[in-house]
Amino acid sequence: MPLVDIHLLAGAFDAEEKKEMITKVTDTMVAIEGEAMRGVTWVRIIDVPSGQWGIGGKALTTEDIKALQAGG
Amino acid sequence: MPLVDIHLLAGAFDAEEKKEMITKVTDTMVAIEGEAMRGVTWVRIIDVPSGQWGIGGKALTTEDIKALQAGG
Amino acid sequence: MPLVDIHLLAGAFDAEEKKEMITKVTDTMVAIEGEAMRGVTWVRIIDVPSGQWGIGGKALTTEDIKALQAGG
Amino acid sequence: MPLVDIHLLAGAFDAEEKKEMITKVTDTMVAIEGEAMRGVTWVRIIDVPSGQWGIGGKALTTEDIKALQAGG
Amino acid sequence: MPLVDIHLLAGAFDAEEKKEMITKVTDTMVAIEGEAMRGVTWVRIIDVPSGQWGIGGKALTTEDIKALQAGG
Amino acid sequence: MPLVDIHLLAGAFDAEEKKEMITKVTDTMVAIEGEAMRGVTWVRIIDVPSGQWGIGGKALTTEDIKALQAGG
């Protein structure tokens, strides 16, 4: 306790960014809950395949995310 | 809000059927919650590998599902 | 198989609407997967407490959803 | 996309701390993924009742967490 | 690692049975994975409210489960 | 009902061990809930990719688990 699950569209972020999410989200949680909780703070990355995450009925692709990040 | 997660045995349905699930389940939800909610209605497909979904202790394979669909 | 989890903000929908979601989402799934799958099609409603669902860092309340449904 | 689920033992954190988790974890994610993603970044708090979260077979209570935070 | 989530219909099992599930499922997992993994084996109980778990479109109540357990 | 999800780091256990987890966790659950519940007891294995399961901010690899099992 706690457990944090970060769900991402597969391919939208690379291994380095995923690692950074694990490290920084852990630090953010520990800053609130107390340093003594670090060892029992679990943060996981869950991938959802491209085309299997729908918003408003439209299935997102990795390309859609890249366009959105670029300011689209 | 809302978020709908559809868990399927991998290989039991093809990309076209998955896309149809996202579209039609979104439409079904929006018909109940109101059209104004469409943009924040997320529907995702989560795959569980063949052999990793047990019913009554027996691990289903994609072939079991195909047989069940065929009326078995 | 399949399993469908519908996540809602608690209080945004009443018992009748939740029941309708279970019935109609089941029917939608069965229409795609085949009638033989009805008995193993599970649809669940998962409640998330008001104030615990954040979008863009802002925690939604049941009132926000009601306003959104009203066309806000 | 993305969706972040923060699972907590009910009673271990108050409403203010939960709100802070939503705000700060959102900011941490947006700092990595890009500001353009803020509107589609969802962060939720999921409560697990006291006594229903087991570590090594021992069910944690809210008091166990308080003791752990205090340096126990 | 590992994490085991046991989803139950609320009211179908009492606190003693839930505690037994946490203890015995942990023991079952540790017997397979090795005793050294006990401390990082988490087992949780997740409650789903009565009336919010549909099978074949019919929402189960706690009474349905009691009848099923009785051999119904 | 019930549904049990066993989350594992991908690669830490082989197909035979996963099958054993499904069989034995089902038996453990049925011993508590009653034999009549076997047919509606679902047990699934969910894989999390190596490097995507963080404990205390450190992303576990399959090798870490093997070392831990060996008594490390």
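For clarity, chains are labelled A, B, C, D, E and F in written order, and residue numbers in each chain start from 1.
The working rule: a residue touches a chain if its C-beta (ideal position, glycine included) is under 8 Å from a C-beta of that chain, and two chains touch if they have at least 3 such contacts.
Source: prediction; values computed, not measured.
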item	value
Distance in touch steps, counted as few as possible, from subunit E out to subunit F	1
Comparison of A-F and B-C (more C-beta pairs in contact)	B-C
Interface composition of copies subunit C and subunit D: same or different, split at half	different
Superposition of subunit A upon subunit B: rotation angle, C-alpha, nearest 5 degrees	120
Chain located farthest away, centre of subunit B as origin (C-alpha)	D
Distance between chain centroids, defined by C-alpha means - subunit A, subunit E (Å)	28
Geometric centre distance via CA averages, subunit D-subunit A, whole Å	14
Whole-Å separation of chain centres (CA-atom averages), subunit D against subunit E	22
Contacts with 2+ other chains: residues of subunit B	3, 40, 42, 48, 53, 55
Complex contacts: residues of subunit F adjacent to subunit E	1-9, 12-13, 17, 20-21, 24-25, 28-29, 31-34, 36-37, 40, 48, 53, 55, 60, 65, 68-72
Residues of subunit C that touch subunit D when the two form their complex	48-49, 51-57, 59
Subunit E to subunit D touching residues, read off their complex	15, 18-19, 22-23, 26-27, 30, 38-47
